[in-house]
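Two complexes, one shared chain (chain A), two partners (chain B, chain C).
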Partner chain A sequence: MGLPDSSQDLTSEMEVDAFRRIFPLRFFERHLSESLRPDARPLDKARDTIVNLGLVSTADGSALAKIGSTTMLAAIRMEVMTPSTESPDEGCIAVEFHMPPICSPIVRPGRPAEAAPVISKRLSDTILSSGMIDLKELCLVSGKAAWMGYLDIYCLDADGALFDAALLSAVAAFSNLQIPVVALNDNGRIVAISDEKEQDNASIIEEEAVNKEKRKLTLKNIPFSLTCILHKNYILADPTTEEESIMDTLVTVVLDSSDQMVSFYKSGGEALAYSSSIKSCVELARKRAKELKEILGEMDVD
Partner chain B sequence: MEIDREDGRTPNQLRPLACSRNILHRSHGSASWSQGDTKVLAAVYGPKAGTKKNENPEKACFEVIWKPKTGQIGKVEKEYELILKRTIQSICVLTVNPNTTTSVIIQVVHDDGSLLPCAINAACAALVDAGIPMKHLAVAICCCLADNGYAVLDPNKLEEKKMTALAYLVFPNTTLSVLPEGSSLVEDEPVEHGIITSVTHGVMSVDDYFLCVENGRAATASLSAFFRKNFQQSQRDPSKAG
Partner chain C sequence: MEYVNPEGLRLDGRRFNEMRQIVAEIGVVSKADGSAVFEMGNTKVIAAVYGPREIQNKSLQKNNDHALVLCEYSMAHFSTGDRRRQKNDRRSTELSLVIRQTMEACILTELMPHSQIDIFLQVLQADGGTRSACINAATLALADAGIPMRDLAVSCSAGYLNSTPLLDLNYVEDSAGGADVTVGVLPKLDKVTLLQMDAKLPMETFETVFALATEGCKAIAERIREVLEENTKQLEYRRAA
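Coming up: the complex of A and B.
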């Protein structure tokens, strides 16, 4: 890629890679003035997104989501527990986001990444407040037994827009989730039945809430998110780690399938968000939500 | 149709504000900020030499420690710490003291709703008390939405539980200008209309979010006036040294 001619500074004598390392902001701004980014993406385009379902055979539901290089593996494990007294006919979901050292050179073993518990909480808030999952569907026997879903998301490659990829993998994992078959045994406790056992065992009592076959959850109001960078007059959709480290103002918009805003998250940053930027970010998020809906739709998700 | 609030406030009315600075003697700056019954204590130590790993040594670095009133530190506190840290980084001038770390410690004294905005305001007052160079103040407000679509400012804990959605918004403070043009404009909007930080909980429509932002912007004027009065009073008071 040829460097533009400028006689005054030493950029014309420097190699592109060196210029990128030494003057990262100027390198990016040269691209932004042409409405492009170094990976030849237009400013409002997200990276290629791939979703794969059902990779982890030991989990009840799993998915791998890749946005560009950012890779997230989500897995759900269901366990039976007693529901709380305040909501006796509701189950529970526990979300945990892990950043193992494999994902980034900044993360070292023994010291958890700063971003991990924050993304964990944001995911948990987003999934629960969007109403994607009806917790009442997770009930088995009212007041006595309900499903607890442990959702673990592992970041395998952290290359920017971690929240977007994590949310996508969580949604895909829930769509892939098959609730295991259980029955009530003599002692009044719920036991899991493996696939090989027969159902005509005399000691098994069938309650109306106990499922006879593996079932899937109905997902409504699926949340889709898009992270953007605000820099001067530019809005960059779906940033990479390099872009995030140079331009530090990130805005994450989460919209659900009925075009309601689940979350508008902006945490500091040099640039302030004015009404025009907010509107543009929401528009970009709408377009992205359509794209993601199509991608999930190809995976046979409702 | 107006909303009836339990304590008799109008929807846009804030709770009584109180701020006192320089209350701790060992810290370089400290402030206590209360909005109604929510009270937060903030202390600032710094700048100290050296930055943490993975932080840019050409800029000043901030670390925030959030101590809840009871219980262990969990993900909620970590999220608040990160939000506060990034908000402080965006309002402070980072190039004046490079390669230094400034610690901001937040202690929750009582939580009666609108805790994060209260903590941000307290941190701001403490930073001013410590003399950390800043571009402008961060004025924080909580705006929540009831199910009939009305926006209510500065809810207490009971109101927060009843509301369908809420938004914590942080704006720069309004400027008091002697010139008739007022503050400078960016994209036809005054600078103080830009959002520094926004955290929302619950589902709301995009128009409702803009309604919250409008109400929040209107409230920053009174909060900024309160800040200004509070700082000016202590300047004139000779018994308080800095």
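Coming up: the complex of A and C.
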């Protein structure tokens, strides 16, 4: 089929749009053969990434991450709980990922997106196994009280690379987290105190002083991820929803700030990966991790 | 507790007839046909509209020659002080119904038979007046989606505390136990589309509070109109360029 010449008038513009809808794979392959994608990105370049901190005032820590149009809002709320008997010195983190119907035309109320629980579990596993958070820092009184952090990530706009954006927003939210100041009152219960009451000596004991110093978590080994698409012998970094829907083999690589691999994920798909493609994906992820580190660095994350 | 001090200032420094600061923006969700963010003080709501599109659940279709309007209201887990926010709790279901009926009244559904319009509302931060913020956000999102409407549906709340009618209650004032009147209005047609109140009020007081809320609605309508005009100017500018 002859392809329309884009230097013509409006009629040929319409034909390009129609071609894109009716023969999406050929449309993309035409671009890939020139090492470009329809939004003029080279194959190994990710979209513009923005991170904003502290947007949700009702939460103890929050962040908004945007990769291209994909938007994720992450917020953390801390609650006090009793630690388990096997690990009396450790707190706990619960990660949940939501895809409300506003984010995409394919999500309907009553029919949650298939991707949501999958990404939720992967995020939870990645964050906990990366060792970014030392759970011992969440301890208040050994054996009696520890922090439970509820991390909720909401997808506000789903345009591909959901896992990457979600992980970025989660990391940024942790960097923004301010643990509320608490004191141990006479009944042995933890109560939240406001700044004025800090001066009141009646119920303040040593523990509270410790909590006052440790208002922020130390984040080591911050994980950064990159999702790529494998198609024939092309590797596309940071796909959009359109790209993900026609070429279905996704590979996600998660590296941490000390260049170690935290997680690798390829869940089937039409294209089989040679070890050379896997190495290229890891290389791309390494470059992307550097970019993301700089972006987070501008927001004063260590 | 004193909600209005002797000088007439409320807890957050507003006067009795002052609204909270409004921030409104449209076109925020790229995947949606129309979307808007609406903030009234600390209450932040995102609305996304998908439609008109094919009906997905034929059993819900009652009237073939009108469009089907569906609405879902949900609050983020971190939106309120305590984290317990169930997805399908009764309040969310009630609000979904109320907002759906309000918007249905102002959309020209007879122009779009055999189709479905979805309005999704996500509350990111709740500080009182979420109902009103949702209706205002939904109006903006519907306008952004180009769905024909009779008029802009705007909403505002007002209450009565310490013997003073107060406009646009925040969460603290709302939970004080006084009256809370939410009014939804079509300003140009001068019609009331939503009116809800829980509490006891003498008739004259109710009329004063209702009038105050309606005034608030008119102010919001002005603001919404400004936002839409500014957006149209931007579109025109970009198109001409």
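Of note:
Everything that follows uses one rule, which is that the second predicted complex is superposed on the first by the 276 of 302 C-alpha atoms of A that agree within 3 Å, B and C clash if a C-alpha of one lies under 4 Å from a C-alpha of the other, contacts with A are read in each partner's own complex, and residues count from 1 in each chain.
Here, a contact is a pair of C-beta atoms (placed from the backbone, for glycine too) under 8 Å apart; a residue touches a chain by one contact, two chains touch by 3 or more.
Predicted model only: the values in this text are computed from it and were never measured.
Touch criterion not met for A:T82: it reaches neither chain B nor chain C.
In the superposition on chain A, contact of A:A59 is made with chain C only, not with chain B.
When the shared chain is aligned, chain C comes close enough to touch A:D157, but chain B does not.
Of the two partner chains placed around the shared chain by superposition, chain C is the only one that A:T241 touches, whereas chain B remains out of contact. After overlaying the two complexes on the shared chain, residue contacts for A:K121 are found with chain B alone; chain C is out of touch. Residue contacts after overlaying the shared chain place A:P109 against chain C, while chain B stays out of touching range.
When the two complexes are superposed on chain A, none of the residues of chain A touches both chain B and chain C.
Residues of chain B that touch chain A in their complex: 54, 74-76, 78-79, 82-83, 85-90, 167, 172, 186-187, 189, 191, 193-206, 208-210, 213. Residue ranges on chain C touching chain A, taken from their complex, read 28-32, 35, 42, 46-48, 50, 53, 56, 70, 72, 74, 76-81, 83, 118, 120-122, 124-127. In the complex of the two chains, the chain A residues touching chain B come out as 106, 114-115, 117-118, 120-122, 124-125, 129-131, 221, 249, 256, 259-276, 278, 282. By the touch criterion stated above, chain A contacts chain C in their complex at residues 56-59, 62, 69, 71, 73, 75-77, 79, 96, 98, 100-105, 108-109, 150, 152, 154, 156-159, 241.
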